[in-house]
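Every chain is named by a letter (A, B, C and D) in the order it is written, and numbering of its residues begins at 1.
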Amino acid sequence: MKKLINDPADVVREALQGLEAAHADLIKVTYDPYTVVRADAPVQGKVALVSGGGSGHEPMHGGFVGMGMLDAACPGEVFTSPTPDQMEAATKAVDGGAGVVHIVKNYTGDVMNFEMAAELCRSEGAEVEAVVVDDDVAVQDSLYTAGRRGVGTTVLLEKIAGAAAEEKRPLKEVAQIARDVNAMGRSMGMALTSCTVPAAGKPTFEIGDDEMEIGVGIHGEPGRERRAFAPVHEIVEMMAGPIVEDLPFSKGDEVLAFVNGMGGTPLIELYVVYNELNAFLKGRGVTISRNLIGSYITSLEMAGCSITLLKLNDELTKLWDAPVKTAGLRWGV
Amino acid sequence: MTVDRDDVVAWIRAFADEVSARKEELTALDSAIGDADHGINMDRGMQAVVAKLEGAPDGDIGALLKTVGMTLVSTVGGAGGPLYGTLFLQLGAATAGKQEITLQDWTAALRAAVQGVQARGKAELQDKTMIDALLPAVDALDAAVADEASFAEGLKRSAEAAHEGMLATIPLVARKGRASYLGERSAGHQDPGATSSHLLLDLAARTWGDA
Amino acid sequence: MKKLINDPADVVREALQGLEAAHADLIKVTYDPYTVVRADAPVQGKVALVSGGGSGHEPMHGGFVGMGMLDAACPGEVFTSPTPDQMEAATKAVDGGAGVVHIVKNYTGDVMNFEMAAELCRSEGAEVEAVVVDDDVAVQDSLYTAGRRGVGTTVLLEKIAGAAAEEKRPLKEVAQIARDVNAMGRSMGMALTSCTVPAAGKPTFEIGDDEMEIGVGIHGEPGRERRAFAPVHEIVEMMAGPIVEDLPFSKGDEVLAFVNGMGGTPLIELYVVYNELNAFLKGRGVTISRNLIGSYITSLEMAGCSITLLKLNDELTKLWDAPVKTAGLRWGV
Amino acid sequence: MTVDRDDVVAWIRAFADEVSARKEELTALDSAIGDADHGINMDRGMQAVVAKLEGAPDGDIGALLKTVGMTLVSTVGGAGGPLYGTLFLQLGAATAGKQEITLQDWTAALRAAVQGVQARGKAELQDKTMIDALLPAVDALDAAVADEASFAEGLKRSAEAAHEGMLATIPLVARKGRASYLGERSAGHQDPGATSSHLLLDLAARTWGDA
């Protein structure tokens, strides 16, 4: 395992120290327990957004803390959901009296830890709404299972709900907007290579030089199927096809297209993917009216990409365009 | 024949040691159908528990087990944290104030604890989770109590039941947890959580074997 | 070779099509010859900045075209400097009557092609100033050679000179500011893995699982030395040491620290690198007053990083902070 | 004995074919001390040249070579583009208006072309560049002219000189181009540009051998 790290046990802490040193204007970091909190928190009278999850997905979530997006993030160990005490501390630190939204990616661990945290916070009088993100169409017959995973839509949801909160909208409304984004967003990922969890020291899965994993999760969880490597033209069809079928898009729809890199794939390839996706959607009469291209929800150094499509309406578009100032996303200010 | 606080501490330490020793093995199982961290998470948590036990003031068994649960909740993370945390918190609640426990106490406590884990995780038998190791073990304990078997005998039977339950997860298609995302592809792999749960009960049998 | 591409021969064109489709608000793209031009070009009365180089370094340079940075970029084939006709077309497209600055990374090919282009443009009456970037301290005894390579400082130079041009400063002044940035900036890179040129189909160099390349170039050129893989703590010393020695920093100096990913290295590792760099500089009494962390000048999918330090003064800091609106860098607007 | 426009076209095509055939080889040499694209660049350029020649109106040798140079400048890129572009542009200037050329013409033209390459690239002998193959070849041609050798004989000697010059680059430490960044580490590798330049002159000898 070759990584730019010291002791694998220290990766998360040292990365947080780097984040703190680099962005003191945006965030504060606590180390026991780990939290990344907006520098000006709590913002009185504003609904606060708290998210969190395992580390290894940077810039998500710590890089999304700041004006117009998250109020706090709870980084867990690599690929391991954070613990209730982190979420409780973060919730207390950002609660500005208007309530707190917990943004939870749908993984058993994340859901259970956030549940325990919400129980704790409520028992101490905090108003907490939990929103679960489950947008991964790679997971099939999710009826009898833990359901779909939360992936790319999370980034878009945190930006859009963050803008709504910044407008001082009430708790129920912010939570509803977040749920709308989840309802309108679908994602699918793929991997060319595995990632290596630092503490594990070896690749999470084996994959041949002529293979790819379609429907992979952001933790290197095996996906829908192992297939022979193919040109990106076909790969985009394998990903975008199930997405548009799952959330029936109709001619004339406007979408936000998010082409995400998994961590080891360079931008030049993501633009080639975007070019194919653009052609694919044109062919179905769907217009991309907003886009995001880059590595925003990563899986350590995994090579691959994911595609997220979010069906837009004027409200969501306006909130997407609103100013945001975080380490990972920044515009309008 | 009963188990006292020192026996419980010995059991916890033995579990911590075994988890350290089998860290890679548990993580390997998790990398096949999960995200390659179960051994790492449980080890981090149990090491924290052992550290906590050092300074822990003497108290009853319930207080001790509650401390274990709290520590696991705040250090393990993932699914394992809330689940094992809940398991120990419930064991603690069921043994509150006790300086020593009998086979009946242990059976009732584990029953309550496993119900707590199910309340938290919503898993049923055959969902390919730790429940598949835990539930059969509790049933085996009930049977042992009915047979008026010795504590040691009851522990032995529960460990065997957990072992069978663990192996029985191999052919199953997961319906809960990360492995469920794999659908059919989760079949043919032993569940990591069922494996660590079997270890826990097996060590109870081995540590308290002469109880 | 597993990449998200179709035919290797089409990578550059398809990536440009993706860039054009995604950022029509910022840029225009021409395909014969390849140029990426600011959407509102030519900006009358503003000095225009034209850069260019081989592709494979995205977002550089096409991703830096827009308000406050470049007026045009000339993308060559992967790792191959563009041709004079591209530079001539770009120069003509952006010349707003106040002159044009050619920003040239110091590679024989780039220098000679830009020279030929400048000769052509001048012969047709354009006012062209060429600024050569040569900041790579990995290249030693550069006296009798082609000199040092142009690497990380290029990104900072394009941002800062772009801000100066946006202020409508005269040609000579913009060119001088660009040269000042080059004089005050130093960089060093390292690689954990090789990159693979699509058309070549196999890794540019072999490297063992326990090796790293210190001083590597952004085209996978072998660097100063092949060493045993080491903890990032030592790696940062190997890179930052030569940099601070080369451009003597003195106690109390303020620098812009740029930690760049080579394309295959995820952000979490770059923050660990930044944390080490921050500690390294603190130890020498140097203060990081600005920073940039991310993959901005890449080497395809190579894993590794580079460190660039730019000695700041009030003028350079002010220009760095000025608004910029490009696909790759965006703030203040 | 002279070379006419058709002979020149044949030579250009032969070079294009050889570059295609040796693309990997040239690129491999460049990956050792450069950036692994010399073969790819030269092949892209020469294919463009061949395409250009199809439609090219008949004209004199100078016009033909000028077209080749212009095409290379706008399609090869890198260092190879301006250098080979300049080489052919200068060959064209020196043979402007000619329908056929003698050994003397060729010698004078190549001398001027190599000087043009040096003016553009500032490389001297032993800098480990294409100059190390080109300059000795020109000197060999001069000697052949002095000896009143045949065109064929002159071409043979220049190709041999280029071959020796190419091999002589192996031990050299590069002082120009990308390879110079390697310092000492550039020694022990044959220079890709010198290799393609040798090919160019070797094919002149082979194509015009019976001139």
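Here is the rule we go by: a contact is a pair of C-beta atoms (placed from the backbone, for glycine too) under 8 Å apart; a residue touches a chain by one contact, two chains touch by 3 or more.
This structure is a prediction, so every number in the text was calculated from the model and none was measured.
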Chain D reached from chain B - shortest hop count over touching chains: 3
Centroid-based (C-alpha) most distant chain relative to chain C: B
Chain A and chain B, separation of their C-alpha mean positions in angstrom: 32
Chain A and chain C, separation of their C-alpha mean positions in angstrom: 29
Centroid spacing, where centroids are CA-atom means, of chain B and chain C in whole angstrom: 55
Multi-partner residues of chain D (each touching 2 or more other chains): none
Contact graph of the chains (line, ring, star, complete, other): line
In the complex with chain D, residue positions of chain C that touch it: 33, 54, 76-85, 107-109, 112-113, 115-116, 138-141, 144-146, 149, 197, 199-200, 204-205, 217, 219-222
Of chain C, residues touching chain A in the complex: 2-7, 11, 14-19, 21-22, 55-56, 58-59, 63, 192-193, 209-210, 212, 229, 231-233, 235, 263-276, 278, 288, 291, 293, 295, 298, 300-301, 303-305, 330-333
For the chain B and chain A complex, residues of the former touching the latter: 27, 31, 33-37, 40-41, 44, 73-83, 120-121, 174-178, 180-183, 185
